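Chains: A, B, C and D, in written order; residue numbering restarts at 1 for each.
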Amino acid sequence: MKGIMKSLAVTMSTFMRRPVTRNYPTVHRELPERDRAFPLLLWDQDIDEPFCTGCHACERACPVECMTVLMKDNPNHEAQGGTSKRRKIVDEFWIDYGRCMRCNICVEVCNFEAIAMNNTWRGHEMSVYDRADLVMDLPQLMSQSKAKEIDEWVAD
Amino acid sequence: MSDGIFGIENTWLDALIRVQLIVGLMTVVVMGLIYIERKVLARFQQRLGPTRTGPAGLLQSLADALKLVGKEDLRPRNADPWTFELAPYLVFVPVFLGFVVVPFVAGWQVRVVELGLIYFVAVSSLSIIGWIMAGWGSDNRYAMIGGMRAAAQGISYELPLVLALISVAMVADSYDLNQIVAGQSKYPNIVWQPLVVVVFTIAGLAELNRTPFDIPVGESEVVGGPFVEYSGIRWSFFFLAEYAALFILSLIFAAVFLGGWAWPLGEDWGRGWQLVLVSVKAGSFMFLVFWVRVSVPRLRIDQLMSFSWKILLPLMLVQILINGAVLVYHGSLWILTLAGLVGIAVLVKLVGHAVSQPRSKVVVAAPAEGKAAS
Amino acid sequence: MVTEAAPEFETQDLLINVGPQHPSTHGVFRMVLEVDGEVVKGLVPYIGYLHRGAEKLCENNDFRQGVGYMDRTEHLAAHNAELSYVMAVEALAELEVPARAQWIRMILCELNRLSSHFMFFGAFGIDVGVFGTPFIYAWRERETLIDLFEEISGDRMMYAYFRAGGLAWEVPANFKERVREVLKSSRQGVKDFDGLLTENEIFIARTKNVGSISAADAIEIGMSGSSLRASGVDMDIRKTEPYLFYDQVEFDVPLGKNGDVFDRYYVRLQEMEQSMRIIEQCLERLEDGPIMPEKMPRMLRLPEGQEVYIRTEAPRGEYGVYLVSKGGNKPWRLKVRSACLSNLQALKQMSIGQYVADAIIILGSIDIVLSEVDR
Amino acid sequence: MTTDDTAQGGDEAEAAVAEPVDALEDTIWPSVNRALSAVDVRPERGALDLIVHVPRANVVRALRMLKQDDELQFNYLRSLTAVDNEADGVDVVYHLYSIPKNLNVTVKAMLPPDDKVLGTATTVWQAANWLERETAEMFGVRFTGHPDPRTLLMPEDMTDTFPLLKSHPFAEIELLQGELLGHDRNEGDRE
């Protein structure tokens, strides 16, 4: 019976300890800065346009091919009297969050630092009823960064 | 004791009101018990338990009840209709019948029955039939195995339970629960019969199908046992029966062994104090059951059987023999206490012996010499 | 007077289908038990429910993209899976991995062994019958470990953190304090499990001499890891063929004696203490430095016609990666040697003649992870 | 061992076939050669272990010799798989390990693409049972004498297509992300 008494002692000792439950929906745990929810595009606040120039680097590097990018000439370019130095700008950009495996390779290959991993809770709370709604188009991808909700972390 | 409750003369009406009182009390207590168990088990596991429904989760049992009532009451296509439908009643009703003899407080007893203890044992063994019917009726292999296991366990642990109650009745020399409790005003029966208390707890756990004896309903093996095919209100009957049985067993334990409402100056401090006494004693038995449920693994069916037949039963027979000898020759009751303590030591040694094959001493190997030559 | 023989009642064995949805098959695993009463007479395992063709997919992805798939082939110890794959690529490309990266890899692999073994104890405790307590203890410890992994790589279970040549990025600044903090709580977790189960008479009665397998049979069937060492075979790849810096840290290899369920449980419990010992030593040896070799080619191409079979000691046994390359940046053939697949082959031999309840425990004691079995 | 201290000796081995036999002195080739003297085998230096090519006919005999040879004692079959080399057939690869001696060797048998049949190794190690079933269903190799030739991971009736062959195509992605937009979703109501 000694062993059974020992087991009872262990459970009694945990009876005395403070519960470790995190009340998720009511209390949102503070996410580490490196948290990788889903990739999203970053907004260049001072020239008021996305960093992304639509160069397809991430689209080619993606293992699961969950991105589609279209490029166009930048109307806001200096040659046409605009303020931006980017000659090309992203026209259309879709990421299928249903296929993305969050491996962070797109962030590593992007040489304009235009894409980063969403490290906010909104990036995690993405449940939808229809799989097609998981395909994020350009406005959706840029919405959080445009609203300055993202301080992105990108490995140096 | 006034012959009718609230002074009603017509016995039929009086009996009906008492039964209604019991049913009302029971459903409230069982709902509360489910909630308390979930909270206590959670605390044992450093969790919070139900917190979402109502303040601190108090409405959890109500929510469960509403959900179960709302659920569709399924029956497998080729299940045997009658046995499947009637099984829950045969499990649920005997437990309620047991409440007739339970001595809550001095005056409050549904009916003072001369052979109260025998009546309780007889009634509580009826529910085994219900388990077998549920197992056989629902045409599911897991349920079948669960049902057979429930029958084997129920019967083989009925005997130590009965013998335990008989040996206590010998000491208190009466079967009427009221007398048994009244006789304990100076010394509770646990003093005279320590071994019987241990055996009663073990057999009680087995009757309730509680860990370490929850073999018929072991989720990891038979996925819920006999009531795997049940759903909705029918399933909740099984669930309520389990908690009602726990409640009645803890009340009987408090009454028979810890002196019920009598022991520390129960008579002269009036009903309020008696109520406190009974609830503390019953509560401590229930807390012990929850505590064991959280910390002890489940026995295998053959170990369970051999434990009852080879260890509990012989011990109980010897105990009754000693009781008889001491009581017939009017020896002092303290010999019984001594015999009981020796019995417990023997029980512990037997369990230790049954388990103590030489445990493999783990040899820590010296690091392998040389690196891999490919 | 010849009494006519009693009619021979032909008893029929019961076929019980355990899984693929069953509380204790640890994933989508199905076995059909042929049961006579309570005794198991036959057992036919069915696997393949979780087969995603990881090996075929890896043939279509280059060496950086493949790391993500390797996590998915071993979801409880993704670091160990990535390690084998990455070491295979480095062996073929003859990349020189800096010391700091190797120490960090060792620490993360051992931490992942802890979290994987905690998962084993949690699930095994429920199989044996304790109502949920081991599982919640396991989850309490795993949560602290997984929070640490999230702070380092950003993901809870699918890290994709190792890269051919080193690590994807630097560990956070407070890495050492965080690891020591997590170790403190893991030590408490191991103490809880030891107290709760190891000496419990009912646990011993349930697991002693159940489903035992001899050393010769275990070797014959190709078992590996704790299940093999529980039968007394001294084979731990960290000792016999040391990789990373395992030859520069001292630790012991616990062995069982009669290869039953209790030994498999107890060997894993002691392995956790050894892992913590290793992590302590690694933390002292960890010093600053680069985590990637300087001259890393932008697009990693492997030499023509080379092949290598790298094996490392994952929590469940030998996790091997057999990489064949015919030049280019994609592997020609990538075979993942799964420890659980070989360990599972012994299930039938261990379970015949035991009770139904024991067959469930024996399955639990092998600690299978279906994503590794089915790849 | 770490990849930097190469235990293979100084000279860099050039193409496998033309390798002078004595260059493999430091590996276990001499003892393997002695053990397999009855079989004509061709050694090759692998990145980590020694590779021995054995003709298809007497692979099982060679494996049994390696297992029973008391100086080598390869009593542990690490892994068994196949490599599809398209034109020049399928290589069946056996990775062996000797627990007492702590030695490793890789045995390879080359099968012509049209006649992929080979003796079963389950008579030598039981470990080969499931590994051969998986190789059979993935590469179409038929192991004669296998005790239980059912499929392992594939569904029972899928015995005609062999996924891991190079000829088996990768499935196309059903819908490129852009086309999903055909799903009529008016802009701007997303927020």
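Everything that follows uses one rule, which is that a residue touches a chain if its C-beta (ideal position, glycine included) is under 8 Å from a C-beta of that chain, and two chains touch if they have at least 3 such contacts.
Keep in mind that this is a model prediction, so the values were computed, not measured.
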item	value
Touch-connected components when subunit B is not counted	one piece
Between C-D and A-B, the pair joined by more C-beta contacts	C-D
Far-end chain from subunit A, centres as C-alpha averages	B
Distance between the centres, which are taken as Cα means, of subunit B and subunit A, whole angstrom	54
Distance from subunit D to subunit B - Cα centre to Cα centre, in angstrom	60
Interchain centroid distance [CA atoms averaged], subunit A/subunit D, Å	40
Centre distance in Å when subunit C and subunit D are each reduced to the mean of their C-alpha atoms	22
Shared-contact residues (touching 2 or more other chains) in subunit C	133, 137, 140, 196-197, 200-204, 240-242, 247
Touching two or more other chains - residue numbers and ranges from subunit B	44-47, 294-296, 351-352, 368, 371-372
Residues of subunit D whose C-beta touches two or more other chains	1, 48-49, 102, 104
Footprint of subunit D on subunit C - complex, ascending	47-48, 51, 53, 55-56, 60, 87, 90-92, 94-97, 102, 219-222, 233, 235, 240-245, 247, 305-311, 318, 320, 322, 324, 332-333, 335, 337, 341-342, 344-345, 374-375
Parts of subunit B lying in touch with subunit C, wherever the complex brings them together	41, 44-47, 141-142, 144-145, 211-212, 214-215, 218-223, 293-303, 351-352, 354-355, 357, 359-365, 367-368, 371-372
Residue ranges of subunit C touching subunit A (in the complex, touch as defined)	61, 64-69, 72, 133, 137, 140, 143, 147, 150-155, 158, 160, 168-170, 172, 192, 195-204
List of subunit B residues in touch with subunit A within their complex	42-48, 51, 291-292, 294-296, 348, 351-352
Subunit B-touching residues of subunit A, taken from the complex the two chains share	1-2, 4, 7-8, 10-12, 14-15, 17-21, 23
